[in-house]
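What follows is a set of structures for review.
You will see two complexes here that share chain A, one where it goes with chain B and one where it goes with chain C.
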Partner chain A sequence: MPKWFLPLALVCGLMFAASPLVIASADYESTMGLVQKIFYYHMPSAWMFLISAIVCGVSSVRFLVTGDHRHDRTALAAAELTVLFGLITLVTGPLWARRAWGTFWVWDARTTSSLVSWMISWAYLILRRYGGPGSENLAAGLAIFGTANVAFIYVSVNYWRTIHPATTVVPKLPFSMGFPLWFCVAAFTLLFVLLLKLRVRVEEQQARVDELYLSLDDFGR
Partner chain B sequence: MMRVAWLIVRKDLTVEVRSREIAYTTLFFAVSCVLVFAFALVRDGRAPEDGAAGILWIAVMLAGNLTLGRTFERERQSETLRALLLGPAPRAAVYVGKLLGILALLIGAEVALVPLVALLFQARLLAHPLWLSAILVSGTVGFAAVGTLFAAMLVRARSRDVLLPVLLYPMTVPVIIAGVRGTAALMQPDLEVGVVQFWLALLLCFDAVFVTLALWTFEAVMTD
Partner chain C sequence: MTIFKRVSVLISMILLQATLILAQQPSQQGEFLPIDQLPPEDQLPAAPLLIAAYSFVLVVLFLYIVSLARRLTSVQREMDRLDANIKQGGRA
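Showing the complex of A and B:
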């Protein structure tokens, strides 16, 4: 493990422990009240959801071009994190929407494209798990298609109607609401980096164990 | 390259014309799907509004999954896909050939499906035949472009029968949205050309992007 891992993990743990206090200190939004505070976890996890999907797509392209398995391990780790952060986003979103929009789910551009990308990352993991040998190549192809697909889903649903708040409100937030938000963004980014590193390391060790087994087999003969 | 692609289409269609296996099973399956929807949704002789557009596309996608699976299963059983890939033909030509063969089968099924859906759901599907065929063909190209690549990739994968729809349906969500919305717009009493044009343009963009991506990915993925 690199030297920076443990201190950063500690910082990340402390930030998450402190985050309820920071969020509690933030001002109430005038119309939504307490429910609006879900947003401090919803938006950072949605960003990490997007970032991990992009990491997965980019690593898959690099894997297909170079054939280097390091990129493949990063893509797999990122796909798992896409599912994780996607789950947080898709659970916290409807909880907030029930109060703000009066309904748990709306077929709007962002919600639909998030749901479908989440399903594609599940499909990626299912393919990796049950595809048998050689599935890493196929999964890389799937990841590239999935990344390209998000734009199409977004445009097609956007043509109907969109009520999801745009991210342009973020720079205009007052300090008392902006600080907890950026605090949570930092905490989630740290969590993402740490989990990605950890997961890639598990895959590296797995690959090494497999290699050792194979060489042992050769030795036995 | 087009000559090789054409040879592959001709080979596939010759095999198909001799056995007619995929054409019959796909068509029968698609018709049963439409009937199931008719039993489930038509009440007192009236179908839900816009339902026909959705049912047409669902039937096409379900039948498409069957066609894709079966086309490549045939190649796998006799190890002929390996022979195709070993031959001195560009990979892209193999992909294009397979895609065209599958398109021919699917469009054939659609020709039978459209009047059937129009009849059972009393829908004005045939009011604008040219627009409808443009939407249907461009949507089918998008669906088949992704499907051909995935079905080819999965030929040697374990549990490929289950994996194909699992991968294919989430990926073709834009096709179903644009196809259904475009078809539904065609069934309105007064046609809004702008709406139909938007969905058609989206489908054409989808086709262009995904055929290009598939040509590149096919080369990279079908290595061994």
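Showing the complex of A and C:
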């Protein structure tokens, strides 16, 4: 592993350990009260969900253009993280909505497109696992489709009728709520970088194992 | 009043109620406004949801990190074993 990995992992661990204290110090929101504090993990995980989908799509494009399998490994790692952060987003959101909206789920543009994006990531992983030889090219195409959906997810709250908070909420946050949010965004971004590096490392080692098996076959002949 | 008329009136009333309920849907929020004190009645119903959300996030992240560490250890072990086999084959 690179030299920066361990210090960064330590910083990330400390940030996550401190995050409950930072979130507790944030002011209560006037209409939603205590339950609005789910926001401080929900929104950063939603951003990481979208960022990992973008990383997956961009790496897939680079793989299709260059044929370099390093990009394919990055795309696969990012797809797994899209599923992970998507799951967190799609579970914490409804828990917040139950108190704030009176229901766990509404089929509006934001929630539905997020669910579709999450299912595309699952499809990518299933295709890679069971698709057989050559499935990486087909999966790369699917990843590009998933990335195109990211822009739609982001702007959907501004164009369609929904009770989901608009994208204007974050820039208008006062310091007492903005600081905990950006603290958590930093912690989740660090976590995303570390997990991506670790997951790519697993794929790199697996590729090396495959090469070693081929060498053993050569010895056998 | 015939049964048909009674059913028609009932259906019309239900449709009217449904329209009113849909019209009362809360409007979309454009910003979050902080308050100094949390109303006491808000504390209990929200707490289990808040605890569930944070617990879920931490448990899922922990399980994923454990799964990654196990996969990395397993692949590393397999690589060491194959390296040793190749070296033995080279010597033979």
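Quick note on the criterion: the second predicted complex is superposed on the first by the 209 of 221 C-alpha atoms of A that agree within 3 Å, B and C clash if a C-alpha of one lies under 4 Å from a C-alpha of the other, contacts with A are read in each partner's own complex, and residues count from 1 in each chain.
The criterion applied here is as follows: contacts are C-beta pairs under 8 Å (C-beta built on N, C-alpha and C of every residue); 3 or more make two chains touch, one makes a residue touch a chain.
Bear in mind that the values here come from a model prediction, so they are computed numbers and not experimental data.
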Practice prompt. Give one of first, second, both or neither to describe whether A:20 is in contact with chain B, with chain C, with both, or with none.
Written response: second
Discussion item. A:11 in the overlay: touching chain B, chain C, both, or neither? Say first, second, both or neither.
Written reply: neither
Practice prompt. Determine, under the contact definition given at the top, whether A:29 touches first (chain B), second (chain C), both, or neither.
Written response: second
Worksheet item: Which partner does A:50 contact after superposing on A: first (chain B), second (chain C), both, neither?
Response: neither
Worksheet entry | Which superposed partner A:64 touches (first chain B, second chain C, both, neither) | first
Worksheet item: Which touches a greater number of chain A residues, chain B or chain C?
Response: C
Practice prompt. Look at A:185 in the shared chain and tell me whether it touches chain B only, chain C only, both, or neither; answer first, second, both or neither.
Written response: neither
Worksheet item: A:98 contacts which: chain B (first), chain C (second), both, neither?
Response: second
Worksheet entry | Contact residues of chain A, present in both the chain B and the chain C interface | 157
Worksheet entry | chain B-touching residues of chain A, taken from the complex the two chains share | 64-65, 112, 116, 119-120, 123, 126-127, 130-132, 134-135, 137-138, 140-142, 144-146, 148-149, 152-153, 155-157, 159
Practice prompt. In the complex, go through chain C and note every residue touching chain A.
Written response: 25-39, 42-43, 45-47, 49-50, 52-54, 56-58, 60-61, 64-65, 68, 71-72, 75-76, 78-79, 82-83, 85-86, 89-90
Worksheet entry | Residues of chain A defined as touching chain C within the complex | 16, 20, 26-31, 33-39, 41-42, 45, 84, 87-88, 91-92, 95-96, 98-99, 101, 157, 161-166, 168-169, 172-174, 176-177, 191, 195, 198-199, 201-202, 205-206, 208-209, 212-213, 215-216, 219
Fill in: In the complex with chain A, residue positions of chain B that touch it
146, 149-150, 153-154, 156-159, 162-163, 166-167, 170-171, 173-174, 177-178, 181, 198, 202, 205-206, 209-210, 213, 217, 220-221, 223-224
